[in-house]
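Dumping the structure here so I can ask a few things about it.
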Amino acid sequence: MSQRVKKLTGLVAATFTPLTAEGEINLSVIAAYVDYLIEKQNVKSVFVNGTTGEGCSLTVDERKHLAAAWCQHGKGKLEQLIVHVGCMSIKDSQELARHAASIGADGISVISPSYFKPINADALRLFIKEVSASAPDLPMYYYHLPGMTGVALEAADVLNGIEREIPSFQGVKYSGTDLRDLGQCVCYSQSRDWSVLYGVDEQLLGALVLGVHGAVGSTYNYLGHIVNQMLSAFNNGNHTQTRDLQFGFMEVITFARTLGFDVSVNKQVMSEVSGLPMGPPRLPLLPCPVSKAQAIAQKIHNFTQGL
Amino acid sequence: MSQRVKKLTGLVAATFTPLTAEGEINLSVIAAYVDYLIEKQNVKSVFVNGTTGEGCSLTVDERKHLAAAWCQHGKGKLEQLIVHVGCMSIKDSQELARHAASIGADGISVISPSYFKPINADALRLFIKEVSASAPDLPMYYYHLPGMTGVALEAADVLNGIEREIPSFQGVKYSGTDLRDLGQCVCYSQSRDWSVLYGVDEQLLGALVLGVHGAVGSTYNYLGHIVNQMLSAFNNGNHTQTRDLQFGFMEVITFARTLGFDVSVNKQVMSEVSGLPMGPPRLPLLPCPVSKAQAIAQKIHNFTQGL
Amino acid sequence: MSQRVKKLTGLVAATFTPLTAEGEINLSVIAAYVDYLIEKQNVKSVFVNGTTGEGCSLTVDERKHLAAAWCQHGKGKLEQLIVHVGCMSIKDSQELARHAASIGADGISVISPSYFKPINADALRLFIKEVSASAPDLPMYYYHLPGMTGVALEAADVLNGIEREIPSFQGVKYSGTDLRDLGQCVCYSQSRDWSVLYGVDEQLLGALVLGVHGAVGSTYNYLGHIVNQMLSAFNNGNHTQTRDLQFGFMEVITFARTLGFDVSVNKQVMSEVSGLPMGPPRLPLLPCPVSKAQAIAQKIHNFTQGL
Amino acid sequence: MSQRVKKLTGLVAATFTPLTAEGEINLSVIAAYVDYLIEKQNVKSVFVNGTTGEGCSLTVDERKHLAAAWCQHGKGKLEQLIVHVGCMSIKDSQELARHAASIGADGISVISPSYFKPINADALRLFIKEVSASAPDLPMYYYHLPGMTGVALEAADVLNGIEREIPSFQGVKYSGTDLRDLGQCVCYSQSRDWSVLYGVDEQLLGALVLGVHGAVGSTYNYLGHIVNQMLSAFNNGNHTQTRDLQFGFMEVITFARTLGFDVSVNKQVMSEVSGLPMGPPRLPLLPCPVSKAQAIAQKIHNFTQGL
């Protein structure tokens, strides 16, 4: 990995994948999506084709087209574009990694395969290594999401010694609630100047206090501007304001969860709040009743207006 | 679905996917594999690219090449060739379904996507329906494997009314231990002349007594000839011999489980017992130490020789 | 263990615990309950203070009073009275074991503690041993119910070698769906003349074919007479009738499950079908709406009348 | 609840239960234990007969004797003595609640029963209410520990409206990693002046930043003096020192977890570090090899000496 790596910090939007009513990827939305994130949400980095982007429900070609569109429209505007290349098949991941390098992505990320689960941290490291070898110059981030993968390995065990196997390793997107494991990742990353990005939006504060460098999440698509205020308040030592913002955020998410806040609902909320046509989710996710998304959007509006 | 469908009965080998030492699919083995199953195991039907075949670890193209090789070498020899086309992406499944129809497969099968899990039986039925629509003339079998997918829907709920949505629906591969749910599937299938095939090899007897029409499993690759004896004993009302064979089988699997009997160990056991070069598994599965597979192969040898 | 042990076979009713409207144990029902089981259900053995009897929701004294009442009213009428003495505290279990011996119970049974879960089979065997030592002359049965305890040990591992540690060990109540583990228990029990009793009522047939010696379950309280017909049909080799009875039984349980068939619903169904006043369940279980129990009772009626 | 309730804040040691080599409760240790906590650990509140105290493995009488001993030796020395009265049987809990009131405990706490799990928050609230009614003048704290109980209800749902049913309700011991749910509990408790105490020692910092009032945990028995330094640093706004202490603490716990850090190991570590004879755990927990506890004690020593 030749050139100095821009450290991945601050808020990173885990982007949704716009689909047409017929369920085809809708690249025409990406340009406006880039501008919306930057201008309306003050969010300048994106994490493409992840869970929020229904990455695993897309074909390899669709993921290439989406990544390319984000690179094309984000170039010169976005600070960092990370392409999630995790697939069940390592060959598909390697192909996507090669492609990400070819289109000038700023980094790639891999989630653990979850149909066959790696039996230990060594097996997962080996999987990540084999993918990274297809794009040796691209920073690699491990995407830790035990809630979806069912892979109960500790992220700190996966990170332990990984730099010797993957020189381009650059950090972890930590989407879990085990803050002890997170803390061990932060400790291990400090001397290696890696980025530890938290991925459970509604409890970001618990990770900020442990020294994470930023956060990747779906809600930063439409609540990024508020969370940026929270980050500033935290950095300025204003813990009361930080806590109030986090409590308000928690209340919104708790309300959304009572209505069943899966990716399809989240996607419809994005359409409601942003005005960008995200379209339906892809099967096996079922479309979200608009009224449900509107109720959540209203709750968000009340929260943001009340500040 | 125009022509009369050959009912899927008896033993169906869930085939392994031969890989070279470099991890590429090794199609040169398939011809000998067909003959081995028919001549040595008396097994004349196969279920390709399923869990045993590491289907989800393969690319779409690799799955096409494998299915085509099985069709090519199995034509006129095998009774039924079922291609598993289940993927996380419905578009990949649809492409594989179209391909299976084009190469003359006898049927296709779909497992539930498991990264995003269908929220209810309706969502899963819709997924299966959209895949089946890409190969409307091919019998469709639902592949029920909650142990791997984590999808806790009852198979009987998925089957309930599915014929109205999928005329080509033809039955279920039931790989679970809830025999009440299995029994409800058998009842529902009786009047529709569907096939219910059991998929937990080591407790097949508990399903036979409920009237399943056959069994799909990995161990029928190398223990098919013994299990065929068990089926004959059962059909002849010789329940003592049936139970002794099942107990002997259980003892082999219990021994194998103590050594960690995942797909990679099972694959190496197949190489040991059959002499066919199955090669290594693909990451995230790790290769199985040969000694472990040899110990299991020895146990199998002692069991089969002792009969 | 001096005298010859009567082998525990056939149907054993896991008895409900009658409570008054105020939630106190209602011993006045036990005499009629004994007669109802024998005369109406043709069930002559009982398993007292188990899961169905809300054993763990009762105090040690209440469990003693109930066991004593069953012994008193069952003496000379019931073939076998097994007292479940499993508690979270080993000392409570030991006290109940001593008491069971003092009142002439035919055997005792212990479930694994489940707040602290034994780390391996040795720890669980040691627990059972320490309880059995308090009633060395009473046959001891291990009560295997992973669905409730969350203890994922294989019953066959617990049985392995237990006779060397517990001379009075006499078998297992197997309430799980892993028929391979069940089969290994049946094999291990054969030469030791132990009883293996199946505990998942709705899929009894899958266990009968493996050679279990009987069944312990809640539904035998009110469907014992039907299941006894199934046992006879099975023993007479009439597998079609056996299967039809099992399918009918499965349908009833599937219907009940759609309404939420927990112990409190099951208890109210017993009141509806038997006419015996079982009363409410104890917190944390909530009383079952009578209409729900009546719908299930009607389904049972239709099933039994249709035979 | 007549008199003003002392708010429960700061560190609360979840006490171990000293047992003799024969497994009997060893009350002779309690007096020295009180002094050790106060003088060596600067911890002045205790939570007796909880998970760390193997409460559910003790008989009702043993729990009474232990609570009485703590009251007797703690009177005038300890700030608050909370007696955990949660049992599987509500009647046992009610008896322990009455007893706790009779011996002058400062409060009682109830965990959800876990063999039968409450079907919703209403059922659990009703359980807590019925226990609290046996000691209406004692502050009641809900003990939320989904990791052990398997009860996946949100604590905030249990708290919602509980004051109308339990006037003596006074807060929650939150032993979970869902900081959104925790945050909602803190919000709900603010206007009611309840105490929210965090119960996952190794990630206390994530809860402190959300405004919890203190922490209940096993490690405060022997690391209380260090964690008190962490609390002071946090309250003084010295976040670097706070984080360093938390990271050091995390490293100790991560090391202990690699050796299997269950209650029995934790208990032996307490004996090693404190010099107090905690004795063996009770079955089904197995005694901890002394060498394992010594290795952890050494790690603790290195950590505390390094500060």
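Letters are used for the chains, namely A, B, C and D, taken in the order the chains are written, and counting of residues starts over at 1 for each.
Convention: a contact is a pair of C-beta atoms (placed from the backbone, for glycine too) under 8 Å apart; a residue touches a chain by one contact, two chains touch by 3 or more.
Being a predicted model, the structure only gives us computed values, none of them experimental.
Participant: Along the shortest chain of touching chains, how many steps lie between chain A and chain C?
Facilitator: The fewest touching-chain steps linking chain A to chain C number 2.
Participant: Using each chain's Cα centroid, which is most distant from the centroid of chain C?
Facilitator: A
Participant: More C-beta contacts across A-B or across B-C?
Facilitator: A-B
Participant: Could you check which of A-D, B-C or A-B has the same interface as C-D, with more than half of the contact pairs identical by residue number?
Facilitator: Answer for the repeat of C-D: A-B.
Participant: Just give me the whole-number Å value for how far the CA centre of chain B lies from that of chain C.
Facilitator: So the centroids are 36 Å from each other.
Participant: If I apply the definition of touch given earlier, which pairs of chains qualify?
Facilitator: The list of touching pairs comes to A-B, A-D, B-C, C-D.
Participant: Which stretch or stretches of chain D touch chain A in the complex?
Facilitator: 156, 177-180, 183-184, 186-187, 200, 202-203, 205-211, 237, 239, 242-243, 246-247, 250-251, 253-254
Participant: Please name which positions on chain B make contact with chain A in the complex.
Facilitator: That would be residues 51, 54, 56-60, 62, 88-92, 95, 112-119, 122-124, 126-127, 130, 148-150, 262-263, 282-286 of chain B.
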